[in-house]
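Let me begin by handing over the structure; questions about it come next.
Chain naming follows the written order as A, B, C and D, and within any one chain the residues start at number 1.
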Amino acid sequence: MPTVGFLFSKKEWLYLAILAALLLIVLPASVDIFRLNLIGKYLTYAFVALGLVLLWGNGGILSLGQGIFFGLGGYCMAMFLKLEASTPEATKIQSTPGIPDFMDWNQVTALPFWWQPFHSFTFTLLAIILVPSVFAFIIGAAMFKRRVGGVYFAIITQAVAAILTILIIGQQGYTGGVNGITDLRTLLGWDIRTDSAKLILYFINAGLLIGVLLLAQAVRMSKFGRLLIAMRDREDRVRFSGYDVSNFKIFIFCLAAAISAIGGAMFTLQVGFMSPSFVGIVPSIEMVIFAAVGGRLSLFGAIYGALLVNAAKTTFSESFPELWLFAMGGLFIAVVMAFPFGLAGVVKDYVEPFVARRLPVLLGRGRAPQPQAAQ
Amino acid sequence: MIGDYSYSEFFSILAMQGFAGLILFSVFVLMALGLAIIFGQMGVINMAHGEFMILGAYVTYLCSVVVTDYVPFLFPVYFFVAMALAFAASFGLGVLVEWALIRHLYRRPLDTLLATWGLSLALQQLYRSVFGAREVGVTLPDWMMGSISLGDAIEIPINGLFVMGLTMIIAAAVYFIMFRSSWGKRVRAVVQNRVMAGAVGINTKQVDRMTFGLGCGIAGIAGSAFTMIGSTGPTAGQLYIVDTFLVVVFGGAGSLIGTIASAFTISQAQSTLEFFLSGSMAKVLTLLTVVGILMLRPQGLFSLNIRR
Amino acid sequence: MQPIGQTPKEFILSIDALTVSFDGFKAVNDLSLYVDENEIRVIIGPNGAGKTTVLDLICGRTKATSGSIKFEGRELTKMREHEIVHAGVGRKFQNPSIYEDLTVFENLELSFPRGRSVFGALAFRRDQEVIDRVEEVAEMIFLKDQLRTDAAILSHGQKQWLEIGMLLIQKPRLLMLDEPVAGMSVAERVKTADLLNTITKNQSVIVIEHDMKFVEDIAHRVTVLHQGKVLSEGTMDRVKHDPKVVEVYLGH
Amino acid sequence: MSFDTRLPSIPLSRRTLLAGAASIAMLSATGAALAQTPATATVNTTGLAVSDTTVKIGILHSVTGTMAISETGSVQAEKLAIEQINASGGILGRKIEVIQEDGGSDWPTFAEKAKKLLVEDRVAAVFGCWTSASRKAVLPVFEQYNGMLYYPTFYEGLEESPNVIYTGQEATQQIIAGIDWVVKEKGAKSFYLLGSDYIWPRTSNKIARKHIEKLGLEVVGEEYYPLGHTQFNSVINKIKLKKPDVIYAIVVGGSNVAFYKQLKAAGIDMTKEKPLLLTISVTEDEVLGIGGENMVGAYAAMKYFQSLKNDNNTAFVSAFKKMWGDKIVIGDVTQAAYLGPWLWKAAVEKAGSFDIDKVRKASPGIELTTAPEGYVKIHENHHLWSKTRIGHARADGQYDVVYETKDFMEPDPFPEGYQ
């Protein structure tokens, strides 16, 4: 990693500027609010992809259960919004007014105790970060302390995602079941379904995303980030250099979980509901492909990957629904076989040298500058 | 539970419940054997394993249609032909996939996982385009349906017996191939020391390809057998994949005996729990227990304590 | 068993009745071994004698079935790997084990004993102390001019040095090296021997080595392992002429 | 909510349109009755995609993903109805243009596409959704942008949106008639309730249990399995142990196939009716996958079977086969989907306008005498009055209709005493 300048190299600051301009100016100015809302939805997946870059790209830990954390974050937010939507007045036709409608349909007659704290917005915001983190900590502590890794970790996270999905669907009186938690209307009295709200939510989302990107970069640039790479390549050497490797893995797993959960919460706000179909195996693996397409080592790549794959999905499924799965399948295979470093790899190998020939001043040398110690 | 029933009723239920567990066990073994060979012996994660099974199921379906239309008198025995063809088709596709994809990825197990997931998506769409989105029903010869009555209350489903018998034959065949044949010796040699095996004249590439093909072929037979108890649709393969992986991992990768033992444990646990709890909770509890035990004993049940 | 009354301070490392079995096979069998302060001890023995396993046991990579390993009076068998490192034991692996995606500087910096906790690593700053210490060690291991180089492109011998340097920067009290000169040129071996002789001023070293010339250059004492047990122990000269050793190496 | 109240509704030509609506006859040109096409400005005051010659509607089902299996029939039925409406002169002199979107078996995609249809395409009506989850996902969109959804599936009830017309039965209509029938005709005393684990089977079984208990009879077991579950031997053993008179099964999707195959293999011969099997989830569509030989002897309670004998249905079945092939089968939901465009047409013509609010206002009371199931009428609560029938499964995958309710069942999405 080049360590020139604060957080990023000069080139990467330029990339950040391009990204910020795209997300905050170009897209809002050029598409209508409907499409912008869609882009906002894609960007929520980019949070998960960012987490995966840290976890998988840098740390070498592949989780096939990131949907768990995306879902948990989304559910925490959805629970708050649902309670706000379930005022006694709005639900007076129910046999028990004041509780969410799906509880009433399932003969639940009082709000379960673990729903109670979600009346508080502060608690909800904390829960969005803490619930997934604690869950990740439990899984991570159990697995990493026992040195479960690689393929085993991937399969076990997948199994956990499956369990959680069955559980959410089975406990529909408390979770809304397979329908999820739907019909969310307002956030602290502010109608989130209006166009203006969608615009504001989009900007909050994009801003948070850039904030998380900076945070992730700060982690990568710290000694922690270099240790992650060291652990990925030579775990034993790190261990015998006096580091408790499992703690580092647990932390990065929790961090990736928390980042995914922010995405989930923003998803709920922008889409207006949360359902178990975002918790399971299929979405979890799709999120891995976003990171893979963008380039598993590149934070910028993760965002572009999430945007492009989803935009392609929408376009393809509108015009050639039959072809979509072929395209998606082909994408998986192509990225793994031909472009293991994804879009970011392509940019680095082809675009940058090309640009560097024409704009040497802007980028310095075409290749990344050789790493050097800060003086 | 016993309260309302006579002891004889209770015991016949116990017997049938044990048998239900055995059928589930056979299903798990059939699903997992192919995967265990591929994953355990080659370290390759084949997420498209379910789709190889479904290929076998579709081949069986085609056979049933063709036989009914052209040679109806063969119908009672078509199933055996169908299984052979299912094996051949899945084996062939497996060899092709190994050649096109897997052989480039032996050093990157996590990447095989992603590539084969992509493959599974493409195969699903292929099935949908060819056979339609609806599930297809495979008509079975009459002798395979129905049950044998043992006493007044105990009824043993014939297709269950058939699946169990098939499982035993295939398990025995796999055991023979892997541990008694010279080919199996070569496979194990490659697993233990690829370079050395190559140096003593074993064609390691061919061994890889055949091993992968064999694993997929067994999946094909499994798919063929499953038409007797389950459904055949483009996405049906997805239903099995997590369970199958858990069976293999729980047994301890690389140990075929472990795979069988783990299939037995999980199936008995699940079918017993299903009897006392609702199906969903039984499933959750079984999976949770397996994951919990794996956290305590990550190498699986039957893995040896070897030096790292 | 160490007799009561004998001061443990005499030995920096004392291994007593150590046994480990893998599925019934005793790779190390009732082994006892004592290492003095500032001693260079070389362990030799035929393949499968249990040499590497002994190092694995000391550094916690393998857990002992029975027996004890005391380092400066602390029992290592109950400690986890990183705690053993913190106690002052460093271990170099048989094949050079360095971070190829990072530079020489970063390799050494990561081994610098500060910021070893998660949050410590996040808050770690590359201050003058770190830079000075890295440069000092780099000089010792002959890599002062390669600090900015990616570790991947070092020669095999340089990688061995780098790994030794990664241990030195932690100032361990006991250094364990598994075949440190394998794959080195003659000139590099001489430099390595010098290096080892310099560093023992402050620490004890256990070396596993096959190269008898190199062993003679550095060893204070030699322990010969055979089938998980100590076959012979003493100066190189004595060991060389021990009939049991001759039998094992030349017999059959 | 964006109710447009600026313009008064125009009663003009209401009578002629009513006459037109009353004389809807499938496949017969009704163009004469609608000779003079009303001006676009009068029939479309809210900016819908209505031109002088065309009107755009949306079809929103899953063409890809796991739900494509089930939703295909609905798409086919809706397209057939639209083609027939166009052939008979369209609606208010305008031909229907279809914009089809794929929900991809993914609920946010449904919401997204619903929004696209309403906001970008400005369609006058949407025919679509199949699962409750997809309907729940699109519901806020339809309410926010004031669209009209015609939803074809039989479902759990507990919903009554002004923006949805439910053309399938809600749970009580299917369940109560079915249970009453087995109790009266077959003397059933004990029931074993079984279902896939999600809201429709759970809610339906809840209603069934209340009704059974109200009749003073016994529920001896209630059981749910995850969607896609394929091992039912344990529950089959439990059923054998409890010896109920009736197995009441609401298993869906791929699980169905496994369940009925294993039931048969376990020696439960449904033709002997010991126990008798009653389902509300297996239409002719599902039997295709299960195999008629595995289903023979079971009873199903729903409002439509392909074998229903009346002139409307004969014409419908032959038109459907002509359009989509001889081998195709038609299930309850497919027929309900077919009603959607016709009900919408009748409401538009009654209202004399495509405006959503006017169509909504005109909808209650709309009758369709040409429905393949015989006759339906839209209730105030936007569900349909319909008869419930009991079908007896044959080996060829069809049902024999053995009973139909004398009266039209009143839809009751929020049944008192059943919650």
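Just so it is clear, contacts are C-beta pairs under 8 Å (C-beta built on N, C-alpha and C of every residue); 3 or more make two chains touch, one makes a residue touch a chain.
The structure displayed is predicted, hence computed values, not measured ones.
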* Between chain A and chain D, which partner chains are common? -> B
* Looking at C-alpha means, what's the farthest chain from chain B? -> C
* Averaged over CA atoms, how far is the centre of chain B from the centre of chain C? Could you give it in whole Å? => 48
* **Cα-centroid distance, chain A relative to chain B, in whole angstrom** => 34
* Rounded Å distance between chain C and chain D, as computed from the means of their C-alpha atoms -> 76
* Could you state the distance in Å from the CA-based centre of chain B to that of chain D? -> 38
* Asked: What positions in chain C touch 2 or more of the other chains?
  -> 61
* To do: Could you list which residues of chain D touch at least two other chains?
  => 64, 197, 224, 226
* Structure fact -> Where chain A touches two or more other chains simultaneously, the residues are 166, 169-170, 322, 324-325
* Contacting residues of chain C [partner chain A, same complex] -> 59, 61, 80-82, 85-86, 90-91, 93, 97-103, 105-106, 109-111, 113, 115-118, 121-124, 126, 131, 147-148, 150, 163, 166, 170
* To do: Under the touch definition given earlier, write down the residues of chain D that touch chain B in their complex.
  => 64-66, 68-69, 72, 197, 223-226, 228-231, 233-238, 240-241, 254-258, 261-262, 264-267, 285, 288-291, 293-294
* Residues on chain A engaged by chain D in the complex (per definition of touch) -> 34, 37-38, 41, 93, 95, 101-102, 104-107, 166, 169-170, 172, 177-180, 182-185, 193, 271-273, 275, 277, 314, 317-318, 321-322, 324-325
* Structure fact -> Seen from chain A, its contact residues with chain B in the complex are 62, 64, 142-143, 146-148, 150-152, 154-156, 158-160, 162-163, 166-167, 169-170, 281-282, 285, 288-289, 292, 322, 324-326, 328-333, 335-337, 340
* Asked: Quick one: in the complex, what on chain D touches chain A?
  -> 63-64, 101-102, 104, 106-109, 111-112, 115-116, 119-120, 131-133, 136-137, 139-140, 144, 156, 158, 197-199, 202-203, 206, 224, 226-227, 414, 419
